[in-house]
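As written, the chain order gives the labels A, B and C, with residue 1 at the start of each chain.
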Amino acid sequence: MTWLRRIRFPLLLMAGATLAPLLGRAGFLSESKWLYLGVAVTYAAAALSLNLLMGYAGQISLGHFALLGTGALVSGVVTSADRGGLPFMVALPVCAIVGGVVAFVLGLPALRLRGLYLAVITIGFAYVADQTIFKLNYLSHGSAGIHLPRPLVNTFSFSRTSDFMGILCVLLVVIWQVDRNVTRTKLGRAFHGIRIDESVAASFGVDPRRYKLLAFVISGAMAGVAGSMYGHVYMFVNNESFGFEKSLLLVIIVVVGGLGSRAGVIVSAFFYALFGVVLTHISWLHIFRGFDILIGAALLMYTVSRHPGGLAQAFQESRDRERRGTPDEEAEEPALPKLPEMPRPSGLPERPTVEGLSGSVPVLAAHEISVRFGGLQAVNAASLAVPRNKIVGLIGPNGAGKTTMFNAMSGLLKPNAGKVELLGQDVSEMPAHARARLGMGRTFQLIGLAGDLSVTENLLLAQHVVASYGVLSALTQIGPSRSVERELRDRAAEAISALGFERFANTPVKRLSHGQQRIVELGCVLVTAPEVVMLDEPSAGMSPGAAENLAVRLRDMRDDLGRTILLIEHNIPLVLDVCDELYVLSGGEILAHGLPDEVVQRPDVIAAYLGEPAAAAIVEAEAEAEATPVKAKPAPRKRTRAGAAK
Amino acid sequence: MGQVLVLGLVYGVIYSLFAVGIVLVYRGSGTINFAQGEIGTFGLFVAWWFTTAHHLPWIIGAVAALVMAAALGAGFEWAIVSHMVEANRVSVAVATIGLLAFLVAFEVRFFEGGNIRKMVAPIRGTGWSVFGVVVSPTQILSLLAAGALAAGLALLLKKTDFGLGVLAAAQDPVAVRLVGIPLARVSAFVWGLGAAVSVLGALFIEPTIGVFTPGFASEMFIKGLAAAVVGGLTSLEGAFVGGLLIGFVEVGANRVFDFPGVKMFSILFVMLLVLLVKPDGLMEGFKFRRRALA
Amino acid sequence: MRTNRRGRVRACLILAALLGVSACTGAKLPNQAAGKRSKLKTTDTTLTPAEAAAQATTASSIAAAQAAAAAKGGKGAATQAAALGKSVASDGSNFHSTLFSDAEDRIGITNNSITMCAHAALTYAAAFHTDVKDLNVFWSWVNDHGGIYGRKVTVTYENDNYDPQTAITAASTCRDKNIFMLLGGIGFDQIPAVRDWVENLTSKHLLYLYHTANETTGKRYSFTELPTTQSMGKQFAQLAAARYHGQAVGILKRHSDNWEPGVTAFKAEARRLGVKIVYEKAVEKNAANYTQELLDAKAAGAQVMWGWENALAATEMVQQAKNQSWSPNWMLFPFNLTSQTIGDAALAPKLSGLAMFPAFSYGDFSGEFAKYADDMKEFQAQYAQYDGGNSGVDLHSFGGDLLFLNWTAQKALYTQFLACGQDCTRNKFIDVLHGYKKKPISSSCFIDFTRPNTHLGGYAVNVMETYKNPSDGKVNWRNTQTCVETIG
């Protein structure tokens, strides 16, 4: 019966689409009440559009109503008798396209950067739209405004709002479906990944800029359609119709409804669209007039700080409580998982074929990498090479620049100097996601997974590079997207069963233990059969027993799966156990290189590790600090800002 | 030309003040306080209550407004932002949108918001003519105050441990903690100071405009936001330079072009241009040199 | 939330007034649009003497009661109103409107009630001491004095939030209340929205009386008794020529196609009269900062500035010019809001203004005020009676002139209902409006719907200047000429 629960809302809307005209004709509710309801439906459509951007991709638009305005005015030009004179149904796709194009133009400069730039640009757009663009004579007769006729089919005009409600509800269902298609394909997963952590998403081959822009474009297209609905339900718009405060109200609606929750957002849209009306129409509520914004704003602040999941989450939680009574029991460690043996999936770019690749050319090589942060030389002319089918360790005291080196090699950070080669190909100019596509897989010091996605969904996200279908196919579920998604799911299921994680397949990753998360992370890295696997302190936070298991797994990877591994580790016994070669990084420079047992005997290496008690103290302090994730994710932020600035 | 310079300077300084507040919060908390402009307006209501309504000297109203704003900013930090340490920075920005909506609705509902109000100027008198523009004593004072603020902030932020903590808070919270500065204090400080600086801007620009209503400082705040972005969003020097640039662009474009909404259009245009060409802001190179010295 | 909110608030200032002004709109001939005119035809029918007598009698009896109530106000404008009703009725109209079908004709009027509804920005009404109860003082008085032919008048208000979209939902809510007519408040942005909505209804049509807006064609159901923006622009040019002869004019105008027709008319008339325009610049709504434009106008040699903007913007303009030590002669929309905010500085030199409503300055009945002093006294007395005390509105402050213009508009509407008679219907109401030709209606100016090529009844304006009210020391506006069509 889960399918029924999932489809309930569209069903409700379809029922609305059928019943509204009948009820309206039967005299149920007056025309103005239907108008309020119609407006509420358009708000719901607008809220879905903003939800896609804010809830999925984690970006914020503060001028979303200006995008609606674009749709409404274009719809006016297309349909009004004195200009286009074309049917409403023709206007809709045009509005979607124009909305998408406007979003593209705005998003292009804003989304190159991480942060709140889109918010700033969209505020600017809201003002410019009102003062300049929407006053263009062709669009809106200057500020005089335009009449948008209701659709006309043969001789039947949808002049009754209850009749028009039918169309509005169907359109809302279409938007809902498109939105749903987003969430169940690689698009939704990529958006989600970007929102959680751009670096992690990039390590799975997601291009954060491209997908942020894509989210805004799809959102803009939806807003265009919602704008057309908005215009035709009122039948009149001018440049004043899309004020900044409406955009802010939309933000309130989406946040209070629950970021990322379709149903919650729609309920919230209806609530806010009708709340003010109720306040004014129930006489004893008169004293509260003007309170709607006040209450809404207070609710927004409360929700966003205390219940980030909004209404939707609150309902979900209470439902969960009811059903289970108790929270999940602590998940058990699965017994000795096997790492999945995954063949290289189809759909990946051609491997570079270099003569003698398997022999002398290392799978991954860094040449003279230097990274400077302001005055600090983090990495100084460091070189290393990872030969095929070997496990290479990279150790060094904390602050030695190991992770910086990793970031430079995986493309999250652009080094000030130096060159990175993958399979003999110079990838220095490639962004992280492109390197991931070529077969560079990596993990993170802090778990590099999307915590509130399930194990299965993380494994699907990890297969982003092989989800080779187009955006349109994803949005419409026509074409290759369905079959490709099926393949991805099969593959994820296979990986899960190899890991022995069947019972956790649908468990959000954040509910798993740390060690389990590490295993899932490894599974995610391996699921696309990368050429080289870069592991950043995989044993961190593991029990000694689990760390031993890890050693077994790593050797399996090398010996059974034929993988090549670059490993950052603090756990020296583990390193000595598994590594074929060892590099020691200290103060940003390669201090030593050689066979593990030999290297760790060298006095300078020992001094680097133990010679400075102060350093040791800092190590401790920092480790402690990192154990409690109190901060605005400093490390990823630094990484991506530098990476995005390229 | 002279007129453009003088007017650009007079308005640009105000935008700078707003931009400084934005940068402070961005440095300290990694987010933008969209309610900052409206806190400025709210401060005007407070100052008005003391001065125009109860005939107390300007300075008392101004101090009351500044204290109120600092309390409001820090209080918001305490009540909302501090509960969102782990949250996405976008969510915190969304919370400030809640505060913005709340303040406007509050002013309108409880402060007879529809009334036009008039604040007194800190210094009376017509002023002096510069390039044909009469510059009022208040405007001179705003220039001086901005200079003093810049110098004071430079001293505080660059010379004291706490200040360095503020500058590093969003980028490297661990380091801040390591030198023994509580992040919560840094956060409360930037939110309070940012809000107070906005009130300063609102108090100085009101006599130039003549009257105020709810929402008064918000459009100026938008221009301050543009200034902060042009300056790189993290650079205090950039905020001042950006503010002046936005001031000149606004006045200059209004002089050269004549189409509807020319001021906002030109500001958005410049902002987009800077983001495309120099995404880290005009002051990027400068900033790095400074940090290298530190 | 920012500009728009601000705009809303600014607009609210004017809006309280609107409600009434909207009522002071009048009927208009249905438009020229082909095929629509057929709805309305001219006949020779005039009111029968019996009808006229009935009206006159009833009106007199009401007037008697009214006169008693308003004894302090001397003769009582009500008497005057009744007389007017009588004279109009006996004049008769040559029009016989068939705009409304039989089913629609009597909506909103029963044997004991007349229901009307207005859309206006109520969100912030409480903010400036103006509440719905302040707006309905006149109707309370009427209902306490027998109503209109025994019918109680109910006027409800729907919030349009100063936003075109909300205005449409407000109008729609009004329509569902089965109202006799829909009244439209001030708002160059909402009125076109509601006008378009009213005209495009396919059933259950409305009679829509609205406040000043730009003149358009193609209207059937919407009417205004107030001068259009075009008409006012022309009159402002005449004012410049008459009062500031030979001086160069600068224009600061709202950038909006709803305002622009006024500027076009101004320029045409200025050219005809030889008024030199040396500066013209469009500004955005709520631009707040006009210093640069003012300096440019000054540099261009402007001696007279025409501020074609709302009251708040105009206040800012005058203030900012003063900040620049520049005091040109200003021509503005005359609201006490502006003059009281600027204070004594608004007297040096005096500001000039043109308005479709009369000036109001509390307790001053001298000079031009004497022409409608009875109305002012009646107004003050009614507010003292129905809206006095601590919770009442302060007529000395800048709510006073707004409420007075609201009141005069309501009174004009009342007079028209008296003339419409015992068996008033929507069509008859339109006929009555056509009966008014250049006849003043209490303190509202005359209307005239008989001119060709227009659906408008309003042409006359009041010419005003600022002065100091000797009784309370407030700087207010007063008429220098009352209800003139051409200023010269």
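Throughout what follows, a contact is a pair of C-beta atoms (placed from the backbone, for glycine too) under 8 Å apart; a residue touches a chain by one contact, two chains touch by 3 or more.
Keep in mind the model is a prediction, meaning the values are calculated, not measured.
Contacts between chains leave no pair untouched here, as each chain touches all the others. When each chain is reduced to the mean of its CA atoms, the one lying nearest the mean of all protein CA atoms is B.
Chain A and chain B have CA centres that are 32 Å apart. As a whole-number value, the distance joining the C-alpha centres of chain B and chain C reads 42 Å. If each chain is reduced to the centroid of its CA atoms, chain A and chain C end up 56 Å from each other. Listed for chain B are residues 100-101, 104, 108-109, 219, 222, 260-261, 264, each touching two or more other chains.
The multi-chain contact residues of chain C, meaning those touching 2 or more other chains, are 1-3, 5, 123-124, 126, 255, 284. In chain A, the residues that reach two or more other chains under the touch definition are 127, 130-131, 135, 245, 248, 290. Note for the complex: chain A touches chain C at residues 30-33, 35-36, 39, 127, 130-131, 135, 137, 141-145, 147, 149, 157, 159, 234-238, 240-241, 243-245, 248, 277, 280, 289-290. Remark: chain A residues 54, 58-60, 62, 109-110, 112-113, 115-117, 119-121, 123-125, 127-128, 130-132, 135, 195, 245, 248-249, 251-252, 255, 290-291, 293-294, 296-301, 304-306, 308, 374-375, 618, 621-622, 625-626, 629-632, 634, 637-638, 645 touch chain B in the complex. The part of chain B that touches chain C in the complex is made up of residues 3, 7, 11, 37, 100-101, 104, 108-109, 111-116, 118, 126, 129, 132-134, 136, 207-211, 213-216, 218-219, 221-222, 251, 254-255, 258, 260-261, 263-264. The touching residues of chain B, counted against chain A in their complex, run 29-32, 34, 79-81, 83-95, 97-102, 104-106, 108-109, 170-174, 177-178, 183, 219, 222, 225-226, 229, 233, 259-262, 264-265, 267-268, 271-272, 275-276, 279-280, 288, 291-294. Residues 1-5, 122-124, 126, 158-159, 163-165, 168-169, 172-173, 175-176, 189, 192-193, 196-197, 200-204, 214, 255-258, 260, 284 of chain C touch chain A in their complex.
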